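Got some structures for you, see below.
Both of the next two complexes hold subunit A, though its partner changes from subunit B to subunit C.
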Partner chain A sequence: MGKYIVRRVIQAIPVLFGITIVVYAILLAAPGGPTARFANNPRVTEADREKFKKAWGLDQPVPVQYCRWMGICNPNNEGLAVFISDQGVPNFLPTAIGGGTNGILHGDFGISISTGQSVSSMIARAALPTAILAGTALVIWLILATLIGSFSAIKRYSFFDQASTVFAYVGYAMPTFWLGIMLIFIFSGPGLNILPAGGMTETRLSPPFGTEAYWAYFAANPFQAIADIGRHLLLPVITLVVVNIAGDSRFIRASMLESLSQDYVRTAKAKGLRNRVVWFKHAFRNAMLPFVTNVGLEIPFLFAGAIVTETIFSWPGMGRLTIDATRDYDYPLLMGVLLITAILVVFANLLADIAYAVVDPRIKY
Partner chain B sequence: MTAQGSVEEIAVTIAERPAGTPPDESILLDVRGLQTHFHVMDGTVRAVDGVNFSVPRGGTVGLVGESACGKSVTALTIMRLLDIPPAEIVGGEVWFDGTEILGLPEDEMRHLRGNDIAMIFQEPLTSLNPVFTVGDQIAEQVRLHMKVDKKEAIDRSIESLRLVGIPSPEQRIKQYPHEMSGGMRQRVMIAMALSCEPKLLIADEPTTALDVTIQAQILELLKSVQARTKSALMLITHDLGVVAEMVDEIVVMYAGQIVEQGTAEQVLTAPTDPYTMGLIESLPNVEKRGGRLSAIKGVVPSPFNLPPGCRFAPRCPYAWDACRTTSPELVPAGGPGQRARCLLHTPAGAARRAAMLDTAASGGATAGQGA
Partner chain C sequence: MTQEAKPLSTPTGSSPIDVEADAIPAIGMGVAQPDEAAALRREEAGADYEVALESLNQWQLAWRKFRHHRLALMGLGILGALIAVAIVGPILWPFDFNSIPKPDQIVYQGRPPSLAHPFGETGGLQRDVLNLVINGARTSLFIGFSSMMLGVLIGTIVGSIAGFLGGVLDNVLMRTVDVFLSIPLLFLILVASRVFGNGNVLLIVVIFAFFSWMGISRLVRSLFLSIREREFVEAARAVGVRDRRIIFRHILPNAISPIVVSASLIVAANIIAEAFVSFLGFGVNPIYPTWGNILSNALTFIPLGNWWWPFFPGLMIILTVLAVNFVGDGLRDALDPRTRA
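Right, the complex of A and B next:
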């Protein structure tokens, strides 16, 4: 198993390298470019644009730009010396042994054009709100989807099964943005007005989330702070849960139905086991096998930011960061976000494969 | 033939008993007028249609018939393992160990399953749960019925694996089913079934999915453990060769009904029902070497469209007009206690039967001379 994990991690390296090229190529091919942000600003002259391009290194040939972004080339050197760091060793090596400091190989995702902050710090700041939202939603939706799916299969064609089928199709067909807006309209509209329409914290109550001042406030009033986040969390979590539960509960229902029709379930019954044990030990364990892979593929996209949900509820997470970066032609930020998403997908797949081997004794690596 | 197989006793075991009263103490399982139907989209399938037979304590009975004749459904009905719906137990009684079990509450039925009645299935490859070790799966049953602690349950699991001839059972219990061969898995199934020392073991085609050399081993094993544990055996098979070696009594089923029953010797050497005759004739035989194997012509009738008279009439070489309109009853035929569902054995068929026997005798004599 250990050998398998090491092999998979090593295999991931060329994959991730390929992803950097694809991300770079796609953004290069997209219309606009970093200077498109000035398109509607008549006060920016052609000379200003050239100055902007020079300042951000956009005047360099594309391979050089990519090479610098990756951290293989040293932007301070010219000619063949670009591959050598200021310390005189190959630039791509880790900083600790004299390699360069720039580029994603050294953890430097560059500077955001629109905010001037480092991309890594912006992503780090957005990661926690996304983790809170995605984590809460994921736990609730997996538990509910598993319960609903299993009971639907066990009580096939019962009223509960029919009702959950209808719920699943309605949930599946409902666009996220529409559900989100309806929830805001109902719970935050002038009628009820009991829940906040967006944001993560009450800004009149506490400093902005993520700042040092906020953590000081959090330490002073932890319960108040958590309750405040909880109130803001409610609507986006409901949105994510309703939309995602639909497909997953169907998945588990189908998987469970298949398990329940297997010979070993009949054997378990013939042993005299209680129905509960037959269902939730013998059938359920097998029904979960394909679902593990399914969840493994869903998780990275959730943690990369539920883009629509976060945007509707102004949740300061990765999804909103992606939208902001796109809208502002903030290429370094956009590339950083896309790359992080890709890394999450690669590693979530790895985790899913490992988890699969843990739950299914027939899989040996 | 063992002691249970004596002709007089068989005659007792298959005699009619009034409904609602327990059978004789010597009878472990008594199935009376069992009717199991399946309600499916195309209509109702009468999978088991009035089946009567009994299994004496420690005795062995073989349930024989082609695929879809209702033999497995009979077993699953006795175990009450059918999903209701689509299945429905329409009528009949099943007496086990002095209790009628079709009417038992599910809780009490569960105590019988795996404990007093154990079942071995046809497919050892899929009948074990792939995600639990075989030790877990046997110990689970032992703990459920024997009220022992975990350690003792594991010890008993090892013992039962040893009983079925699995080498180094201490290591084997930690293995998963996929790490074993088909024959090994069927041994595990047998070990599991025997782990709680059941009074009745139902084996539903236990060797069908195994290759021929393993089949013989598994049958040998079943026979030896059955003799040792003194449990009764109900063997379901389509293989007459298997029943010949394994059982004292034979019940032949066709299209949901019993067509012939009697001792193994009676049924195999002197069959009285044309269907049984056909089955036996289609067996390979040393005397018939070189010739083509005979087969029963035609196919099993559709369960939705059973013939109005005798269900075997369309395929029967001896059928006449009456067979297509009259449903025959199971009537005494042949030796003591032997019964067949055929009009030949009623007064209406007596003349034809005599003629048939004459032809068979002369035909047989000719064949004998030819060889």
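Right, the complex of A and C next:
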């Protein structure tokens, strides 16, 4: 098992490497670039733009920029010496033995062009809100999808089953953002107005989430703070859950139906076991096996859904960061966000494979 | 003998139950038939029956099965109506980006649906939502279908090359596909649309196609790998048919049904993705309304109670995607040779 995990992680490295190349290749041909946002500003002259590009190293050819971002090239050196760190050692080697300090190979994501803050600190600040949102949605989504799916398999062709089929078809066709907008209208519109339309905390009550002042406030009255986040969490979570649940409840229904028709289920029934025991001890556990892999493969969609959900509900997470970085052509930030997401996806897939081995003792690696 | 003759003698347009009713007299089971005696004679002689044989090709057979799929037919009807609206609507009632209402006609939060404006009017510029939706249908459907076609073309070419030639090229192509599939594609589409799109419809189509070929190429490759080993390909090769002819005449026609089914899913995915990207403001320029970019300002007007602005475009997206999915389901059943009509 350990060997398998190591092999999978090693296999993931070229994939991640390929991802950075794909994204850089997309940015390579970008007309405009980060200076595009000054294009309509009459106070910013051509000379200023050139200075800006030089300061951020954007005047270099794209392979050099990529090489610097990776941490193979040293931005301080010129010519052939570009690969050598300030200590005179190849730049890509670890800092501890004299290698460079810049670039992704040294854990340095660079500086965001639009804010001037370090990309890693921006990502760290946005990660927690996204983890709260996506994590809550994931838990509720899995529980509900499992319940709906297995219940509609047990009571096949019942009213509940038919209703959940219709729900699944419609939910599957529904764009996330549309559902979000409609929920905002229903619950925060002029009619009901019982839930906040956006944000993560009540601005009148608490400091912005993630600041030191916020944690002081959180320590002072934790229950109020959690309740506040919970209220703000409700609509975005519903949005994510409804859209994701649709396909999965169908998936579980199908695999539950298959395992209900197996011989061991008939045997268990013939032995006189109660229905509940047969359903949950025999059929359900086997039905969950393919679903475990499926969940791993669906995690990326949860993140993609989070981008738009966070935008609609002004949630201060990774999705918002992605949108801002895309809008401002903030290459370092964009690369950082994409790399983190890709790592998460690869990791989620790996986790799904491991989980599969755990729930199915027949699998040996 | 009766068993074999049955499916062949079915006149088109009958259900499986009708098949028997029609087939039996044709074989001369004693129902009054003018040449009953002749038929009996032939039966005694062991000769073939004179049955009205009607040869059906693959697509006719598929259509016969498709017709019995009620939801799929409904989907096809809805889709046909939407496409008709998308083609005719903008000609009869074009969208005028430059028309700006007089200040005294403006109700800032827009007007709710009424007889004059069945889908209401947007906030701000007082656009007629029905007009936007009709003109949006053209762009959205155009992007959905044409990006699918281009993507399927790319995917089929890549998959055929990988599956037919194999070797190093296959490995390189498939690892590239792995890389593409391990990033949430919506991220890449978003970034690419922002960087290259310029709000241009055709560029957006190219970008969407560029990100929707991977699944198809995997599928086509696996189909090629299995069909390549079948006897008829071996036979073709043995008589000296050239590679190109083997690919286009022997392998591809046998791979077409699974490709058609997953192509229908790509249409649905791309319509939603286009709406997503345009909603975020990185997609199509608002001069050309799409179901996504109509919504991009709607969020601001929701607190003022303007629900009709986002509601109708979203409803059209749901309707279209539902219809496409139903048609896809129907196609899957119809093109699967294991199910019989």
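One rule holds in what follows: the second predicted complex is superposed on the first by the 356 of 365 C-alpha atoms of A that agree within 3 Å, B and C clash if a C-alpha of one lies under 4 Å from a C-alpha of the other, contacts with A are read in each partner's own complex, and residues count from 1 in each chain.
The rule we apply is simple: contacts are C-beta pairs under 8 Å (C-beta built on N, C-alpha and C of every residue); 3 or more make two chains touch, one makes a residue touch a chain.
None of the values given here were measured: they were computed from a predicted structure.
Once the two complexes are overlaid through subunit A, subunit B and subunit C fit side by side, free of any clash as defined at the top of the document.
The larger set of touched subunit A residues comes from C, when the choice is between subunit B and subunit C. When the two complexes are overlaid on their common chain A, residue A:Cys73 makes contact with neither subunit B nor subunit C. Judged by the touch definition given at the top, the superposed model places A:Phe177 against subunit C, while subunit B stays out of reach.
For the three-chain arrangement built by superposition, the Cα-centre angle with subunit A at its corner and subunit B and subunit C at its ends equals 60°, in steps of 10.
Judged by the touch definition given at the top, the superposed model places A:Ile148 against neither subunit B nor subunit C. By the touch criterion defined above, A:Thr311 lies against subunit C but remains apart from subunit B after alignment on the C-alpha atoms of chain A.
Judged by the touch definition given at the top, the superposed model places A:Val119 against neither subunit B nor subunit C.
In the superposition on chain A, contact is made by A:Arg274 with subunit B only, not with subunit C. Put simply, subunit B and subunit C get as close as 9 Å, counting only Cα atoms, in the superposed view.
Shared contact residues on subunit A (touching subunit B in one structure, subunit C in the other): none found.
Taken in their complex, subunit A has these residues touching subunit C: 14-15, 18-19, 22-23, 26-27, 29-31, 169-170, 172-178, 181-182, 184-185, 188-191, 197, 300-301, 303-304, 307-308, 311-312, 322-323, 326-327, 329, 334, 338, 341-342, 345-346, 349. By the touch criterion stated above, subunit C contacts subunit A in their complex at residues 175-176, 178-180, 182-188, 190-192, 194-196, 268, 272, 275-276, 279-282, 292, 295, 298-299, 302-305, 307, 310-311, 313-314, 317-319, 321-322, 325. Contact residues on subunit A toward subunit B in their complex (touch as defined above): 262-264, 266-274, 282, 285-286, 289, 359-362. Residues 79, 81, 110-115, 118-119, 121, 123, 126-133, 140-141, 144-145, 176, 178, 189, 192 of subunit B are the ones that touch subunit A when the two sit in their complex.
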